[in-house]
Structure formats: structure tokens, C-alpha cells
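You will see two complexes here that share chain A, one where it goes with chain B and one where it goes with chain C.
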Partner chain A sequence: MEMASFIAAVLIQSTPILLAGLAAMITLRANILNVAVEGMMLVGAFVAIAVGDLTGNALIAVVSAVFAAFLVSQALAFFTLKLHADFIVAGLGINLLAAGGTLFLLERVYYNPGGLRPITFPEIWHVPDGSLSFIPILGPAFEGQSAIVLIALLAIPACHVFLYRTPTGSYLRAAGEDEHAARSAGIRVNRMKTLAVAISGVLSGLAGAQLAMDRLHFFLPEMTAGRGFIGLAATLFGNGLPSATAVASFLFGLFGAIGDRLQAFNIPAQFVLMLPYVAAVVGLGIGMWRIKMRNRPAKIEGEDKRPGA
Partner chain B sequence: MSFWKGLPAALFAASCLLMFQAASADQFSAVYVMTDNLGDHGFNDSAATGFRRAEDEGARIRLLQASPTDPQLWRQNLEAVSNSGDWDVIFTGPNMHDNLAAVAPQHPDQMYVFFDDELGEPNVMSVKYAQNEGSYLAGALAAIAATDSEQFPLSDGAAKVALVAGMDLPVIRDFIVGFEQGAATVVPDIEVQVIFIGNFNDAQKAYDLTTTAIGNGANVVYNVAGPAGLGILKAAADGNKYAIGVDSNQNHLHPEHIIASMLKEIGNSIYDSISQVQGGTAPFGTLVMYGLKNSGVGLAYNDALVPDDVKSRVEEAKAMVLDGSIVVDSAF
Partner chain C sequence: MLKSLRSFGLAILPQAAAIAVTMFLGFVLVAAIADEPLLAYRELLFANFDSRSNFALFINRATPIALIAVGIVFAFRAGVFNVGGEGQLYLGAMAATVVALFLSDLPGAMLLPLCLLGGILAGGIWGWIPAVLKVRLAVDEVVSTLMLNFVALLFTSYLVNHPLRDPEAYGALSRKVPESVWLPSIPGLPNASMGFVAAVILAIISWIVLFRTSWGAEVRAAGTNIRFAEAIGTPGGRRVIEAMFVAGAFAGLAGALYVLGIGHRFEQNFSPAYGLVALTVALLARVHPIGALLTSLYYALMLNGAAYMQIATDVPRSLVVLLTGLLVLFMTVRLRPPRVVG
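Up next, the complex of A and B:
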């Protein structure tokens, strides 16, 4: 039982990071470092609460959140791909716009810039209690998880299949690997990049909706608290591979959950709160070291020992 | 040509300036340089009630909100209002110690009120709250609620309570010391889990930590986390345990789970400060304490959950603090 609740906590903490990580991963494969995930998550979280409050329907709230984040992603695509703005600059701009824009709406529409907290809010679908108890440990861990957690887990193989088993996925990767070669092969590079940013928007919107709708049922300014950037770190750690990105996201979630439990012991809180970030730095360090080792020139003359070369 | 083009604009600007000055000449004015936004159902909203009361009585009030993650802006706002000279008194609060220490000496004729913190400058009146005394009562109530499972049916009777805080700051430590002492006077060997979120905004983290604390057996959770505290209260409600709110009266947020709120009567103290400054009796250069004695802090019970005999036990503890037979420890 203790183990099940721990796994449940890891799942809850990992899900927003996992979705953000996959969002950044897709664009990374199209050679775009997407720093706007954080902002798109925030927009998703805000719209989820605003629409859920308005309609009283959780499904409409999630769909609206995803759609809003999709629109923001298309704004990013317009500025960068059509108007040729730098991706990092435009992405940071989107983040500022999301933080300021949600605050502006809170102030002007809801007259309450501190947050949006509807009295009643529709429950998103959760796995019913006792429905999975026949599976040891993992079953109880999944009980009570929201539908978005399941979608996030399904998104890992879905991303893999999309990138490696569909023609569009191959085109997208080609556009990211070598733009000129892809263009000369007849691939519409900008269309592929727009698609990547769009998928990224959809996944970010889901991440935001999960954060706001799963348990909290309210929106606070800047409630994403850097999860988009941790997702980006997970992608870089995972080298742009769906499975490795997922592993990295779960690692961050794992360290977060361990940290939460360590606070019960007499360890300085500052140290415990540092853990997920230490994990990020160590993870990135190991990742860079592995790349360095792989790219090392072969020692034996005339023979290339690099894997895959 | 350009002179005539510019003339209407210049005239307009001049008339605006004149009107502005005329307005500020006969009207008492106060501005609050904030490091956060309104609407937190807590500290900031409590402060705002005091300003609104003064505004209703004719004062000119401006609340300068700012993003909690933009310290640059806080400093800019403070310098802008100090340089403008338009305000009779400038209020500022938490997180602004270093900024005010840098700005206040440069404007010796400007009056400042610094609340929830302390700064020894001749033109600054510091206002602090004895949150340790209020938290002492909260701790006593929490210990009773955790161990008395007959009157508090959601508790399992185990002497375990938790305090979830935003950051490890001196003012937060003051809450913790008081809470621990209050809980220990009722049940000497009570287990108090003290947990930090690391910021005041990450409500999801607050939720996760509170859920963990409840999983570890906590029957009552004390919220000391500003805006993120809404996540603590939600987690206590979802975990079907009790919570104690903070700063403003938060009892209505989850009426079946929040047994009380530890009020910091920030609004009252701000209203008092404005009246004192207006009347010329404000003791600048000193520190004014608002504690249990002058109703600067207190406990607002949720009458539906807290029976009268429990209330009277807590009120006994309060009386002992008031008559000095108990001295509540402080982190300062």
C-alpha cells in the first residue's frame, strides 16, 4: 500500500513534466528548441479553469485548454517560420505574454489578479477506486489518476510510432536533421516545423490542464513554476528520443516524490528541495559526457569504432 | 510649425499635472508597493481591506501590484513612488527589506510604513505581527483536534499534526516556533511535521506535500504558504482531514475541513497606521507590535466544526499568554 501511494505520487508529479518533455521533444526533432512550453502550459491551465467554470463540463474544459495552447503554438509558428523571428526570443516572448496575459485577464475579467478559484468545478474523469485492485501494486497506484495521466502515458508510444513508423514522422525528422536536403527531397520543411510546434502546443495544453484540473481546481499566476523548463531539460537529457525523454521525466518525478517524503525526516528542507534540480544537473552532465564519449575520435588507425558510424 | 503642433499636447500635459497636484494637495494619499498580486484570499487581501477602508473615508489610495517573480519591478516601483513625491506615505511589506533600506535614506522627508518586517530608519515606521502568539493558539487547537477523535471525527486520535510552509524565512520560523509550542502545551510529545514548499506559488507542490503529510498520519495541517496555501487546504479537504487557514479568514473555502484560521489583522493595522500618520501621531523610527493584546493576531473559529468546550480550552491558553504566565517563543 505504501509502495502504491509512492508510485501514485511519482505519476502525479511526472505527468506535467512528461507532457512538457514530449512537447519539447517533438519540436527538437524538427530542430527547434522550444522554450515556449512553459507559457503554453500556463495558457492551458488558465483556459481549463476559466472554461470549466463557465461550462461546468470537464471535457469541454480540457479540449478548450488544448485548443488555446494550440493557438498560442501557432502564433509562435507564425512569428518564427513566417516572420523569421528567432525561436528562443519568440519563445521567451510567448512565455512573458502568457504570464502577463493571464494576469491581465484575471484582473480585467475576474477582478481578482491573485488567482481564479471557482466555488464548484467539474471533476475530470479519474480511474475509479477499486477498479484495478486485481493488479498488485501498480493497480492501486493507477486508481484515482486522472484521464490525462493515462493520455500522457499513451503519448509516449504514440510519439514513437508517429516519429519512426509514419511517413510524416520521417519527413519531420528529415526536416530537422538537414533542412536543405529535406527541401531538395521535396519535403515542405516549414509545414513540418509548423506541425511539430502544433503537436507541442497540444501536449503543453494537456500538461497545463492536468496541473490545474487534476486536483487543485484553481488557477494561480505562474502556477506552472518552471515545469515546462524541467520538461525541456528532460528532452535534452533524453537526447530527443521519446522513450529516453519519458525516462528522464519519470526520474524528475521520482526525485520530487522522494524529496517530499524526505521532508518527514530531519534533513534540512533546503537540501531536499534542491534534489530534483541536482538530478537535472547530474542527468544533463551524464548526457553530455555520453555524447562526448561517443563522438571521440577512434583510437585505432583506419578503423572507426563509433557506434552507428 | 512644430511649436504649434506641440502646443496642445503640452497644454494638455500641463493641465493634467495641475489637476493631479490639486488633487494631491487636499487629499491624504497612501500607496502600497506590493511584491505580489491581490486575490490570494490571504495576506494581500487582508492588507487591501485596510486600504479600502481608508479610501472610503476619502484618502487617495493606490495599490501597486507586481509579479512575485519580478524583484526588479518591486524596486522600480518603490523608487518611482519615492521620487515622485506625490504620496504622503508609502507602504511596503514582505520581501522589501533590502530595497527599502537602500531607498528610504535617500528620501529623508518621505514617510514610509514597513509592515511585517522591521527597518531602523528615522522616516520608517515598522509594523510587525506576533504570528508566534496566533500560531500558539493554532497549535493548541490543532493538538486538541488531532487527539480528540470524538469531537473531531475526521481525526484518528494520533498525536500527529503538520505545518506546511512556503519558504524557510525568519517570519515563517516565527509561525513554526509558536505552533510547535502551542501544540506541545496540550500534548507534550506531539509529532509536528514541518514541511517546506520552497516558494509561495507552486500550489501543486503544496498539494503533493500535504497529501504526503496526511499519508504520514497528520490529522491537522496548518497552512503557512500564502497563495500556494490554497493547494494545502484543497489537499486536506481531499484527504478528508482538518486544516487551519492563515492570514485572512479562509474557513469558507472548505467549510467541512478548515476548523479555524489564524488571522493576521493586517488590514486593521494598516488602517490604524494610516490614521496615525494622518493625525501626526505615528511613531516613526520605531517598531509597533500587533499581537494578541491589541488584537493584531487572533484565531477565527469555524463554529460548525469547533465545539464550545474546545474553544474555551483554547481561550484559556490565550488568557495565559495575555496575563504573561506563558511567554510564547519567537524566532526573532
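Up next, the complex of A and C:
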């Protein structure tokens, strides 16, 4: 039982990171370092709570959150691909806009800069209690998880199939690997990049909805707290592969869950909260060190110096 | 003369256009929600000059932004996208506070330089870590500096909430640093900290170092093309790491000067995202130290103006975050496609 509740905690911690990681992964495969995942998540979280409060319907709330994040992603695509803005700078701009825009709406529309806490909020579909108890350990861990957790888990194989088993996926990867070659082969590079950004918007919106709707049922300014960036770190850690990104996301989720447990042992909260971020930096370092070690013998002396990377 | 003026004009045109478009969109938004949009914009832009004390606050606001931005110029010139200004700033402020509190028996003339040194080193090390990770292991610096920001913020939050907390103060504040290390104010401008003078001098020195010394040339070469820089025999990787140390040191110094000149203690959340604002400033200034200094003034104007605007009208101050987002989004927009290289 103890084990099951710990796995459940890991799942809860991992899901937003996993969705953010997959979102960043799809764009990374199109050769875009998408720092805007954070902002799109925030927009998703805000819209989920605002629409849920307004309509009283959880499904409409999730769909609106996804759609809002999708719209933001398309704004990013427009500014970078049509207006040639720098991707990282524009992404940071999107993050600021999301933070400023949600805060502005909280102050202006809800007259409460502290957050948006509806008194009643529609419950998102959760796996009913006792329905999976015939499976040892994993069954109870999945009971009570939201539908978005299941979607996130399904998104791992879905991303794999999309990237490696569909023509569009291979066009997308080709556009990311060598833009000029892809263009010569007749692939519409910008369309592929727009698609990648759109998918990452949808996944980020889901991540935000999960964060706000699963347990908390409220929105706080900056409630994403860097989870989008941890997802980005998971993608880089996982070298842009769906399965490895997922593993890295679960690792970060594990650290988050361990952190929550440690809080019971009178360790200052700050050090506990620090764990996933430290894990991300150390993990990235180790991951890149392993790649470097693996690549070393195959390279000719002097060629392993990456140009700025 | 006319020609150089023309090229200067062309160089700043995209930035000026981005600012103009942002301010215009901001005005449309304000006009849509406020009863007195003109008053709101007047407060936003000009209330800083209404009184001497407003102007002093404006100068104090510009100081950390200018210092971090000039540091970020070093990082950018070395090809590093340093998003870690915030963490470096906090650690610098914390280091200065710790030094001042624990060595408070020393005379001010000795303690003040030690505090500054502490801030510089703490910030510098926090810039050095992602640089080493980037140069040696190709770890993406955008992600690592962002993660390190969270670590620095949480670590300083622990220190100010537990060991350093002032038991008599309300909120997460450290004890006050001894008065012997308080920075004097600018003559004729009470409450405006001398830190701004330091920022101006350092911006000029930075321009000379970056553009008139061989070290600066090597940093810029490493930033433009590190493989080429190393092929012609300059230590490119080392220059990148050194430039990032300098960038962190500038942010750390900004934190130290904030504590010594303005706050006189470490306050949790003392920075309204100065790190990110400074990044914006550095980019708006086209990665030029003097430009960064001037642009930081524009930003300080907006940040402080927003507070006056909120007091005088019904426009919330988060408008400025919104405008910053728009500005950052517009900032690198080019209507003509950039030249494709390679």
C-alpha cells in the first residue's frame, strides 16, 4: 500500500513534466529549442480554471486549455517563422506575456492578484477507486489518477509512432536535421516546424490543465514554477527520444516525490524543493558526459569540439 | 559624420520600432480599460521626474538592471545565452549580506571591499558552473542557467528564513548590515545610491575591454565561431568560461550593491525578475555595454512608472510585465528574412 501511494505520487509529479518534456521533444526534433513550453503551460492552467469556473464542465475546461495553449503556440510560430524572430528570445517573450497576461487578468477581471480559487470546481474524470485493485501495486497506484495522466502515458508511444512510423513524422525529423536537404527534397520546412510547435502547444496545454485541475482546482500566478523548463531538461537529457525523455521525466518526478516525503523528516522545505532542479542540472551534466564518452573513440582528434552547441 | 549617423540610425531602427509598437499596443490596451488613459501613460513615463525622491528611486532601480545587463553583454559576446542573471544576483546579494553580518567588527574601509568581493565571487561562480558545463560537456546553457536560478533562489530563501532572519522584522528579512558599509548617496540626490555611478564607470570600462583589448577580441571571436577561434590558436573555450564568470560577477556585484546601497539587508524576493529584464535590456541594446546602460534607464522608467500609474489610475502594474513580454516578442522580429549562412 505504501509502495502504491508512492508510485501514485511519482505519477502525479511526473505527468506535467512528462507532457512538457514531450512537447519540447517534438519541437527539438524540428530543431527548435522551445523555451515557451513554460508559458503555454501557464496559459493552459489559467484557462482551465477560468473556463471550468465559468462553465462548470471539466471537459470543456480541458479542451479550452488545450486550445488556448495551441493559439499561443501559433503566435510563437508566426513570430518566429513568418517574422524571423529569434526562437529563444521570442519564447522568453511568450513566457513573460503569459505571466503578465494571467496576472493582468487576475487583477483586472477577478480583482485578486493572489490567484483564482473558484469555490466549486468540476471534477475531472479520475480512475474510480477499487476498479484496478486486482492488479498488485500498480493497480492501486493508478486509482484516483486523472484522465490526463493516462493521456500523458499514451502520448509516449503516440509520439514514437508519429515520429518514426508516419511520413509526416519523418518529414518533421528531416526538417529538423538538415533544413536545406529537406527543402531540396520538397519538404515544406516551415510547415513542419509550425506543426511541431502546434503539437507542443497542445501537449503543454494538457500539462497546464493537469497541473491546475487534477488536485488543486485553483490557479496561482507562476504556478508552473519552472516545470516547463524541467521538461525541456528531460528532453535534452533524453536526447530527443520519446522513451528516454519519458524516463528522464519520471526521474524528475521521482525526485519531486522523494522531496515531498523528505519534508516529513524536518528537512527545510527549500532544500526539498531544490531537488528536481539540482537533479536536472546534474542529470544533464551526466547525460552529456556519457554521450561525450561514447562518442570519443569514434572521433578523430580535434573533431569532438562542438561548435558552441 | 552623416553617414555614421545614418548607420547608427539603421542599427537601432528595429529596436526603436519594437519599443514604439509595444508602447502603442500598451496604450490601446490602457485606453480600452482605463477611464483616463492619458493620465495613466503620463504617470507611467513622467512621474519618475516629478520629484527628487522619485528620481532617486528611478536611479536606484536602474542600477541593478544596468549592471546585470552589462554582464550579460559579456556572456552574449561569448556566445552564451545567460538566463541566469537572477540567480547570480541573489547569490551576490546574499554573499555580501553574509560577509557584512559575520565580519561586522571589521572597520568599514575593510569590510566594504570584502562585501563587494563576496558578491562578485558568489555571482561569478554561479556563472562559471553553466559555462564549464557548456564548454566541456555541451550542456545547453539556457536550461542549466534557468535551473540554477531556482537553486539559488531557494538556497537564499532558506538562509534568509532561518539562520539570518531578523527576529524583530516582519517577513523574510535578514538582520541589517552594519552602517559602516552603507554606500553613500550621490551628492545632491539624497537616497540615490552611489551604485549607479559604479554602473556607469563599469559600463564604460566594459566597452573598452570588449572592443579595445585582445582579451575582448578573443571573447568575441569565441562567441562568433568557437571552432575558428580555437583553430587560429586562441583559447576559445577558456574565454567563454571567463566571459561567463564576468557576467555572473556583474550580477553578483549588482546584488551586493543593492544590499549595501539600497536595501541594507537581504530581502527575499527583492528582485522583480531583474535577471530577465536585464536580458531584455542587453538584447534591446544590441549587446552593447553603453547601449545596455542607456536601455536600462528606459526600463527603470517603465518599472517605477507602473507603480505610480497604479496609484493614480485603475490600471494594474502588471501591465508592464505584459508590455515587456510584447517587447521581447517583437524585439528580434525582422521583416526581411535574415541572410542564410551555410
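Observations
Just so it is clear, the second predicted complex is superposed on the first by the 288 of 309 C-alpha atoms of A that agree within 3 Å, B and C clash if a C-alpha of one lies under 4 Å from a C-alpha of the other, contacts with A are read in each partner's own complex, and residues count from 1 in each chain.
Heads up, the rule we're going with is that a residue touches a chain if its C-beta (ideal position, glycine included) is under 8 Å from a C-beta of that chain, and two chains touch if they have at least 3 such contacts.
In this text the structure is predicted, and so the values were computed from the model without any measurement.
Aligning the shared chain A places chain B and chain C in steric conflict.
In the superposition on chain A, A:His217 makes contact with chain B only, not with chain C. Contacts of A:Val278 after superposition on the shared chain: chain C is touched, whereas chain B is not. Once the two structures are overlaid, the count of chain A residues touched is higher for C than for its counterpart among chain B and chain C.
Touch criterion not met for A:Arg294: it reaches neither chain B nor chain C. Applying the stated contact rule after C-alpha superposition, one finds that A:Gly115 touches chain B and leaves chain C untouched. Using the contact criterion defined above for the overlaid structures, shared-chain residue A:Arg188 touches neither chain B nor chain C, since it reaches no partner. In the overlay built on the shared chain, the residue A:Leu236 is in contact with chain C alone; chain B does not reach it.
When the two structures are aligned on the shared chain, A:Leu92 is found in touch with chain C, with no touch to chain B. With the shared chain A as the reference for superposition, chain C clashes with chain B in the stretch 99-107, and the other listed options (27-35, 45-53 or 99-107) are free of clashes.
Taken together, the two complexes place residues 99, 103, 113, 225, 270, 273 of chain A in contact with chain B and also with chain C. Put simply, chain A touches chain B in their complex at residues 5, 9, 12-13, 16, 99, 103, 106, 112-115, 117, 211, 215-218, 220-223, 225, 256-257, 260-261, 263-264, 269-270, 272-273. Every residue of chain C that touches chain A in the complex is listed here, in rising order: 33, 79, 81, 83, 129, 133-134, 137-140, 142-144, 146-148, 150-151, 154-155, 157-158, 161-162, 225-227, 230, 237, 276, 279, 283, 316, 318-338.
Across the complex, chain A is touched by residues 36-41, 44-45, 65, 67-69, 168, 193-196, 198-199, 201-205, 207-209, 211-213, 215-216, 227-228, 230-231, 234-235, 238, 253 of chain B.
Contacts from chain A toward chain C in the complex involve residues 33, 35, 79, 83-86, 88-90, 92-101, 103-104, 107-108, 113, 225-226, 229-230, 232-233, 236, 268, 270-271, 273-274, 277-278, 280-281, 284-285, 288-289, 292, 305-309.
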